[in-house]
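Two complexes are shown next, each including chain A; its partner changes from chain B in the first to chain C in the second.
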Partner chain A sequence: MSIELFGLLVQASIYTVTISFVSIFIGFAIAILISGMLLTGRSLFVRPAQFFISFFRGVPLLVQLLLIYNLLPAVGLNVPSIVAAIIGLSLCTAAYQAENLRGGFASVPLGLVESAEMVGLTPRQIFRRIKVPIALRLTFPALVNEAILILKASSLVSVVGIVELTRMAQDLAGSTFLPLQIFASAGLIYLVINWVVALAGGLIESRLPGVAR
Partner chain B sequence: MTFDINVLIGQWPAILSGAGVTIMIWIIGTIAAAIIGFLMAVARQYGGILVDKVLGAIVAVLRGTPFLIQIFLVYYGGPFIGLELDPVPAGLIGISIYGAAYFSEIFRSGFRAVPKGHIEAGECVGLTRGQIIRRILLPEMTMLVLPPCVNMTVILMKETAVLSIITVPELTATLSAIGSQQYAFVEALSALALFYWVLVEVTGWLGNLAETKLSRFRFFNA
Partner chain C sequence: MTKNSLLKGLVGAALLFGATISAHAADTLAAVKAAGTLKVGTETAFAPFDFIDAGKHVGLNVDLFDEIGKELGVKIEWVTLPWDGVFPALEAGKFDVVAGPATITKKRMERYRFTPPLAEATIAILKKAGDKTISKPEDIAGKKIGVGKATAQLDQLKEFSETLPTKVDIREYPAFTESYADLAAGRIAGVANSLPNIAFVAKQREGTFEVVLPPFGKKSYFGFIGLKDADHAPLMDAIDAAMLKIKADGRMATLQKKWFGASFDTPDAVKDPAF
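So, the complex of A and B:
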């Protein structure tokens, strides 16, 4: 296998990384909304949020992608397939991240909240200055984990025709008859990306201010 | 947009067979993955440092690469090393190996959570290694590994959908094909999503039930 083929794979992996991180950030925004709905405790908000989480965690991502890819045109929305792919990945990761955030908020030590009440902070201040920073600190490792899961899951958007790393590998394997080398190289690239993400995550985590370790 | 579920009813034999293949691959794949994973965990525990390092590297590779790439390697790369497989066996091998990596980590953390004193006590009274695994390690870690094992079973259920890409005739492939033949994508894919959703929810519910039933095995005070 030549260096040019490997170069093509590396180029395609830029799409993989871009799609994954855009989806992670959009998913995070949706997750804040969903976990906020769960936190209200009113069934009017909690039920739809639970439904959302249950659906996107209970259905394979591939099926979600196929559904979104085919559903949008059926209701008259003709979006490029890259948009459909990012919508699919974002909604899926939002469901998992919302669960993580809920867990993070639930494990904010009660004593900290009570002492904040004692010194006279308003509920809004407590939320903004005590709960949010601590919950984010607690859920950061899960967020890194989720980033790695989405980087791997993004291989599935190849089925809706987006030429990211997996699709490029598939195309090259078909045209060069070197599937073993090409898929192994693609695997290696995923491995390196995930390793870098895990490493960077660990580094950032050790520098986050907040909860004593 | 019209939604006509009757399109699917006429196709029930194909759908039933697809669902059968999905469930068959899921159950066999999960059992095989759990067994291989358990053996890997035992080998890493007792096989010496070299075995531990080699298996650790394999697990890292399996957990760091997408399942789709692994499946492509087995199915399209296999023939180049003399391993020519039909889609179904290739899918089964792929899902078993992929799952085994995660199961081995679950069992390994289970092993580590069993107090060392219990194992030493077993050694003292003259139990063999097999007896220690069967009578001390396994029962003591049951409650601890059950929730992640159920989780993994659910994940593997969902991963079976990926096998449609290497033309395994499971439900995702069957319903996508019906969708494109009949121009009824939305109906077919909604039914598909519903099938997985129900199966995943039922599995989670059974897992909770098992946890309650097995709670008499709770050795750890959580």
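So, the complex of A and C:
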């Protein structure tokens, strides 16, 4: 396999990385909103949040992408492929991240909250200084995990017309008849990307407060 | 998640499905000219019409649409999807016309409008070079033959299979390139596709593949595909006129020679397809 073919795979992986990271950050912002709705405990907010999570966790990402791509034009929103891909990945990862955040907040030890109340902290201070740091700390490993999952799941966005790493590998394998070398290279590139993400995640995690070293 | 909210959600999704609001611009030709770009949908696994050569999208379609674009005074923007996703996306308005091309069939003509044909689509078999067990189309009886999913070639192969003493073991692939790869790897005995396609593949990979002649079944043709509604009529008329002009002044024959190695006659329109 030539350097030129490998270069094309690396170029395509830029799409993979860009779409994945943009989606993870947008997804995180939506997840904060959704988990916030869950935390209010009011059914007016909780019910839609629960529906959001059930829908985007319950429907396969492939179906979501095809729905977004083919359904939005019916309501007058004809978005380009790349936007459809980012919407699909963002909403899907938001559902998982919201559940992670909810789990994080639920795992904040009650004793800590009670102690904070004893020393006279207001509910708002308790939320900001006790609950948020602990919940974020507890959900961080799951967030890194989610980033890796989305990087791999991004191979599905080829169904809406984006030539990312997997699709480029398929195209090249089809035109060069070198499937083994090309898919091995694509696998290697995914491995390197995810290894970097895991490494960076580990570094950040070790700097978070309250970590046993 | 309560039953109630799930139900509401499902009803909402169903309503969205039903809402095929025709909010598009009334005249697609005017919209295309105003935007200065004609959006063309296709898959890139159908050599020599559309394929990837060292990472670049090339083929007869690319050259031909360049000419059509010149005639219409617009640029061409390509949207490439897996083949079974192309028709839903056309109906969703993701692009104005499908390059494909697709075999002109009765079933498709009921729903879509075809341009003048640009090539013959009669089906033939591609085998591994030196395979002595297949010397005529009938020899594929009982053998594993690959074909593209959701293609007219699949229908033609099925029909042919019915006429054989033992049925063909038909393997459906998402894209033809994958079936060629499996043929090269010896997982299947042959690939059924239209003659221009397999003739091109055999020429590209001399020593690996061979064409089994003659083609079988009824004569059919390839055309580009658009929507049948009134909104799209002016655009499709304009594309038809451009293609007939390109055919009349010999540019079509030049392109056919470039991509198929030979030019051939096609009718100006197919009114009553064989399939």
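To be clear about the criterion, the second predicted complex is superposed on the first by the 210 of 213 C-alpha atoms of A that agree within 3 Å, B and C clash if a C-alpha of one lies under 4 Å from a C-alpha of the other, contacts with A are read in each partner's own complex, and residues count from 1 in each chain.
Rule of thumb we're sticking to: a contact is a pair of C-beta atoms (placed from the backbone, for glycine too) under 8 Å apart; a residue touches a chain by one contact, two chains touch by 3 or more.
From a predicted model like this one, the values you see are computed outputs, not experimental measurements.
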{"item": "Touching partner for A:A74 - first (chain B), second (chain C), both, neither", "value": "both"}
{"item": "A:V132 touches, of chain B and chain C: first, second, both or neither?", "value": "neither"}
{"item": "Which superposed partner A:L112 touches (first chain B, second chain C, both, neither)", "value": "neither"}
{"item": "First (chain B), second (chain C), both or neither touched by A:S155", "value": "first"}
{"item": "First, second, both or neither for A:F183, with chain B first and chain C second", "value": "first"}
{"item": "Chain B versus chain C as contact partner of A:L66, first or second or both or neither", "value": "both"}
{"item": "Which superposed partner A:W195 touches (first chain B, second chain C, both, neither)", "value": "first"}
{"item": "First (chain B), second (chain C), both or neither touched by A:F51", "value": "second"}
{"item": "Touching partner for A:A173 - first (chain B), second (chain C), both, neither", "value": "both"}
{"item": "Shared contact residues on chain A - chain B and chain C", "value": "54-55, 66, 70-71, 74-76, 158-159, 170, 173, 179"}
{"item": "Chain B partner contacts - residues on chain A that touch it in the complex", "value": "54-55, 57-64, 66-67, 70-71, 74-76, 148, 152-156, 158-159, 166, 169-170, 173, 179-180, 183-184, 186-187, 190-191, 194-195"}
{"item": "Contact footprint of chain A on chain C as seen in their complex", "value": "1-2, 5-6, 8-9, 16-17, 19-21, 23, 44-45, 47, 51-55, 79-82, 85, 88-89, 91-94, 175, 177-178, 180-181, 184-185, 205, 208"}
{"item": "In the complex, chain B residues that touch chain A", "value": "1, 60-61, 64-70, 72-73, 76-77, 80-81, 158-162, 164-165, 172, 176, 179, 185-186, 189-190, 192-193, 196-197, 200-201"}
{"item": "Residues of chain A defined as touching chain C within the complex", "value": "4-5, 8, 11, 47-48, 50-51, 53-55, 66, 69-71, 73-76, 78, 81, 158-161, 163, 168, 170-175, 177, 179"}
